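All chains are identified by letter, namely A, B, C and D, in their written order; residue positions are counted from 1 within each chain.
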Amino acid sequence: MVGGGQGAFIGNIHRIAMRITDHYELLAGCLSSDPKRNRSSGLDIGLASDRVYSDYKDMAKAESQRKDGIQAIVIVTPNYLHFEVAQTFLQHGIHVICDKPICMSSEESLQLLRLSQQVQKLVFVTYNYTAYPMVREARERVLRGDLGPLRFLKVEYTQDWLATDIEQQGHKQASWRVNPELAGIAGCIGDIGVHAYNLAHFMTGKIPSMLAADLVNFIDGRILDDHAHVLLRYSSGARGILIVSQVAIGSENRLSIQIVGERGALEWQQQQPDQLHYHAHGEATQILSRARHQSSPETSAISLLPAGHPEGFLEAFALLYREIATCLLDGQLVDTLPMIHSAISDMEFIEACVKSSQNNATWIWY
Amino acid sequence: MVGGGQGAFIGNIHRIAMRITDHYELLAGCLSSDPKRNRSSGLDIGLASDRVYSDYKDMAKAESQRKDGIQAIVIVTPNYLHFEVAQTFLQHGIHVICDKPICMSSEESLQLLRLSQQVQKLVFVTYNYTAYPMVREARERVLRGDLGPLRFLKVEYTQDWLATDIEQQGHKQASWRVNPELAGIAGCIGDIGVHAYNLAHFMTGKIPSMLAADLVNFIDGRILDDHAHVLLRYSSGARGILIVSQVAIGSENRLSIQIVGERGALEWQQQQPDQLHYHAHGEATQILSRARHQSSPETSAISLLPAGHPEGFLEAFALLYREIATCLLDGQLVDTLPMIHSAISDMEFIEACVKSSQNNATWIWY
Amino acid sequence: MVGGGQGAFIGNIHRIAMRITDHYELLAGCLSSDPKRNRSSGLDIGLASDRVYSDYKDMAKAESQRKDGIQAIVIVTPNYLHFEVAQTFLQHGIHVICDKPICMSSEESLQLLRLSQQVQKLVFVTYNYTAYPMVREARERVLRGDLGPLRFLKVEYTQDWLATDIEQQGHKQASWRVNPELAGIAGCIGDIGVHAYNLAHFMTGKIPSMLAADLVNFIDGRILDDHAHVLLRYSSGARGILIVSQVAIGSENRLSIQIVGERGALEWQQQQPDQLHYHAHGEATQILSRARHQSSPETSAISLLPAGHPEGFLEAFALLYREIATCLLDGQLVDTLPMIHSAISDMEFIEACVKSSQNNATWIWY
Amino acid sequence: MVGGGQGAFIGNIHRIAMRITDHYELLAGCLSSDPKRNRSSGLDIGLASDRVYSDYKDMAKAESQRKDGIQAIVIVTPNYLHFEVAQTFLQHGIHVICDKPICMSSEESLQLLRLSQQVQKLVFVTYNYTAYPMVREARERVLRGDLGPLRFLKVEYTQDWLATDIEQQGHKQASWRVNPELAGIAGCIGDIGVHAYNLAHFMTGKIPSMLAADLVNFIDGRILDDHAHVLLRYSSGARGILIVSQVAIGSENRLSIQIVGERGALEWQQQQPDQLHYHAHGEATQILSRARHQSSPETSAISLLPAGHPEGFLEAFALLYREIATCLLDGQLVDTLPMIHSAISDMEFIEACVKSSQNNATWIWY
């Protein structure tokens, strides 16, 4: 693992998810740029002392030379480091599991893809929201045509933790996310918008061909967007709308999606992840539940718990890790796994949003 | 009453609303262009035989000359007739209560306003959604500054009754609504979008200065829009988003609004009209209930029922009629009453949407 | 109308309900025992001066002798007067529409039934909750066997307005309800428990054969129950549970029912009266909506509004009045109409609850 | 671990919960009475071959003699084995972590308590529902007096998986649960009723002094109860009601509790475990969220995830294991940990229910 030392949020999440699966052993790490914190963080999570590295480059080299070296690296640093760390480990023949967004630009993402092809190692991007069982159920129903051709979709991801200027009061998580040098060209559209966009892509299999993005920020001194409205058009004529915010007071972490086709519609929200509302035209709305008789066998198979026993964020994350493990062990890819390919499209989405917004939210092809 | 004969939907709603208030007596009518239906509709609702008119012009004339003539006319015809009927009655010195949208264009609306000023008679537009008690509660809280300066709002109004081509199968309500000659230049943006827009205006007191509208229709042979995404910008820098659809399978008649300011937010949805969610930054979300201790005295005063006894669409409609009656009796206007002035702005909104959409959904001032 | 003067709650509800139907004309009244209030209340609601009576007995006599006398009397007094008023009007050949509970005892109820049979006039009891369209939908599904044989039901009716001793602070509504002389032998079990019990009876067509009732009150100085738990047993072996409270802080006016059979279940709650949850064993839960394609034609027929336009308490009340009017005009009874017959059973339920509770909540036959 | 071999449900849950905490290492096991399955189950979960025991007695002995022997045993067998297995390990000086219900009778539970006192080893009972953060939040608020003295509580736990006779069709989980020899004297009241009862006890700190229980089963050939209504009385005069069912079609796994005091009330349901509704008398209902500003610091401290990232059943289970680990490492007990003491009371509850029910659901002291 690179990143994820004491005080970090997402590193621990990855570790719990790995433990839930029971398919991973954490063997080496470079967890913090601060040598002391790096050391104590490493020992804390049970690493052997000689496998806590102060430099990720040394780590890549050393581990690639050990007979019992790591097979895959998990990257949970701030965004701006993803690219160079991923590159380094790939070059040493080590698979990469990286938090989103994979890079700072589509250009970098493409470079990484090329490299991974060259060294024949895999790059996974942890779009965890795609691994909720009922998101999978929805996707299966959309892809097999239950809804008919897509008419429109709406995807929302709103939070409120940046509703005030907490970055100016020493809030660590906030500070790097609003800093273009560490976070990239985009703020909330890059941090959570990309999750929303990816979810829509994942569920429908479709990428829009045009967009108009109105990115805005509401806090004095903040440079990157903390709120955005994006209109989407698909080549089929379908429409989409994407709403993201980190200043939406009252929204803890609301991710929801509505997909409407000619014959039916589906609605899912992360606040009740085990349920999916299915509307067939002219019929009563159905509440589909995870691992109940009415959901597909695949959905039950990927569940950890029987119906009615709430699963949540960590279980979805763990499913992703479970599937990555299966893939690394078997060498078989499955099409639900988020690979770097879709990450390139996601980066292009971010870039297109920024470009459209800078151009007064005009429509652009992308 | 003009319009609202047998088989019509909204005319009966207006009549029930009036009866709930007990302030109205229905004395004369021209209810249908079909003479036979007009006659039987009139007798049905208890009109004296000599006050069922086959021509609304005759009615305006005759009633204005009677000593016991009507004081106000209720217009519930298809949209294209609103203007000329309203004009006629105003010219005969009779107040007008008209269904929305008031006219086919902002130009006509303006003309009507001028006329009403000239004859010193009032024109009310029945934006019934503004009369839900918890909508009033929300408005009061926004206007007195509880939320701080507005950051963004989202208003959605979605239905699914036009998800298939029912207008081609003889559905009366659908037929005129998708016909430009009878409905005007806009389809769902004119039929329900204007309600959503008006609600946002009513609750915040603010009119956006720019918009970009993507109007679309999904049914072969349909000319007017049946779905729309509209981005809004306010001169203060605030943003808005408006989503309307009549093809959103699974949405019976969902109208909802979220208003977010610097210090708090409010959320209301017509599906649970007696409740309002209030989020003060940094505090627990509150569920405010109609006529409960926590809502303002005004809200209780306009309630027909105590808390926990569900009020609905008709009670809101009745409140509007109650307030119109008070206004006509007292000669006192109240600022919650929807008058023709705001209807002009609403028509301009519709026109701007159509113009923006025809111009590839570019941003336009309006 | 007898009762329902200025300041009273339920009288006005009845009047609005009647107006919604447009089948009633209010012609005479004895609205208050206070002569001055009686007079002004009568004029207020538009009665002719000579038909505002200071004594209901005079009213019964005078109206029965007028050629244009009233056909039916609406009784909305405190409970203790129901019996004598009803009796008087029946004796003068006038139909009775009475608020629940019909009498102070089953004995009185039976007397009233006998009298009504003798004079061949009808006695309706306004169990308004039975007239929500989705309650009707549920009933129809239960009675036609969709759920299979009944296994158990749970009905809850909870409020919180008596959570403190407001009767000791001059609250008019509270004062008579907690006073045994005015309210009868039961407090909340008589006031709202009887609604819950009646609803269960109405939906299932079944009356339990045994019960054990634990009635309690939580306020010093209060004599009648303000909270109750009642266990029910049906002769078929089915079970029931009834929970009522007027001290349940946070419950505005929550009435809900769950009915479970061998093959399916239904759930309804007054807080969302337009919806009904239907669970068929082994299938996805369905959300049935009033006046949507999936509900039965009867349910649509009794709706005032299309799906998605919230109906509430008053619309249900109005349906009751509409059906009563039809019955009085046609002379045809319908089995959904709450007549005095079921009111006798309801009184027996109250008496059995009190008896069981006094006997330490033992099981009793009834 | 004893029990929890391939095909078992709860054993795996315990293992995942332990892994989430990262405080446990699974070293030895006797996972199945079937030697072959035992062996392969043990290897499957990574046990050393010589520490997969075919007899739990051998295991207790061997492990107690190893220097690196296990410190605690997790018991996840069918109920009837809990007692003897727990006894055996205690006698060898090994702490016990046991699934509920701890024993087949209060007598056995008491014996176990005595033994644990004698050998000075601890016995934990995994009442996992007590470890949801918002259950903890509720408990804290109740115990510190926010609600005032308790007036009544309602706890419900309903499922539907036994709505048909699946035990007669070879369903393994069902078979032992409906068999008195393996499950004990109670069916659903013992399987899930005890969870509900324990939750009420945990949240309020109170044990009722009297109960009347109506236990019933609805399937031909089933001996133990599959549905129960229990009335409770507390010595303070407070009342309670407990409803459990395994035939409640449409209830996946609904556990909910409402606690009402003189000044306020709380409501929690497992279907939305991260939220808690708080009603202070005379104020707006608040929606409290896990790890949000409005919940207490303790609740945030025990959360794995920030607000808005759904936690579920496994995270609660893991918290229990985390606290047990802390307790075993520090030797410090915390009062939120479910120990054998409360398990005795729980067994007495089950026994009292059965006794009351056999005696026609009369009230009994217990």
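The criterion applied here is as follows: a residue touches a chain if its C-beta (ideal position, glycine included) is under 8 Å from a C-beta of that chain, and two chains touch if they have at least 3 such contacts.
Quick caveat, the model's predicted, so the values are computed rather than measured.
> Looking at C-alpha means, what's the farthest chain from chain A?
C
> Half is the threshold here, strictly exceeded: which of A-D, A-C or B-D has more than half of its contact pairs identical to B-C by residue number?
Answer for the repeat of B-C: A-D.
> Hey, how far is the Cα centre of chain B from the one of chain D, in Å?
Once rounded, the distance between the two centres reads 55 Å.
> Taking the mean of the C-alpha atoms as each chain's centre, how many Å separate chain A from chain D?
That gives a centre separation of 35 Å.
> Taking the mean of the CA coordinates per chain, how far is chain C from chain D in Å?
Computed from C-alpha means, the inter-chain centre distance equals 42 Å.
> Where in chain C do residues touch at least two different other chains?
285, 289, 292
> Touching residues of chain D toward chain B in the complex: what are they?
278, 282-289, 292-294
> Given the complex with chain B, which residues does chain A contribute to the contact?
151-152, 154, 160, 163-164, 212, 214, 216, 218, 227, 229, 231, 233, 237, 239, 241, 243, 245, 247-250, 258, 260-265, 267, 277, 279-281, 285, 360-363
> Which residues of chain D touch chain A in the complex?
Within the complex, chain D touches chain A at residues 9, 13, 15-16, 19-20, 22, 45-46, 159, 251-254, 270-273, 289, 292, 304-315.
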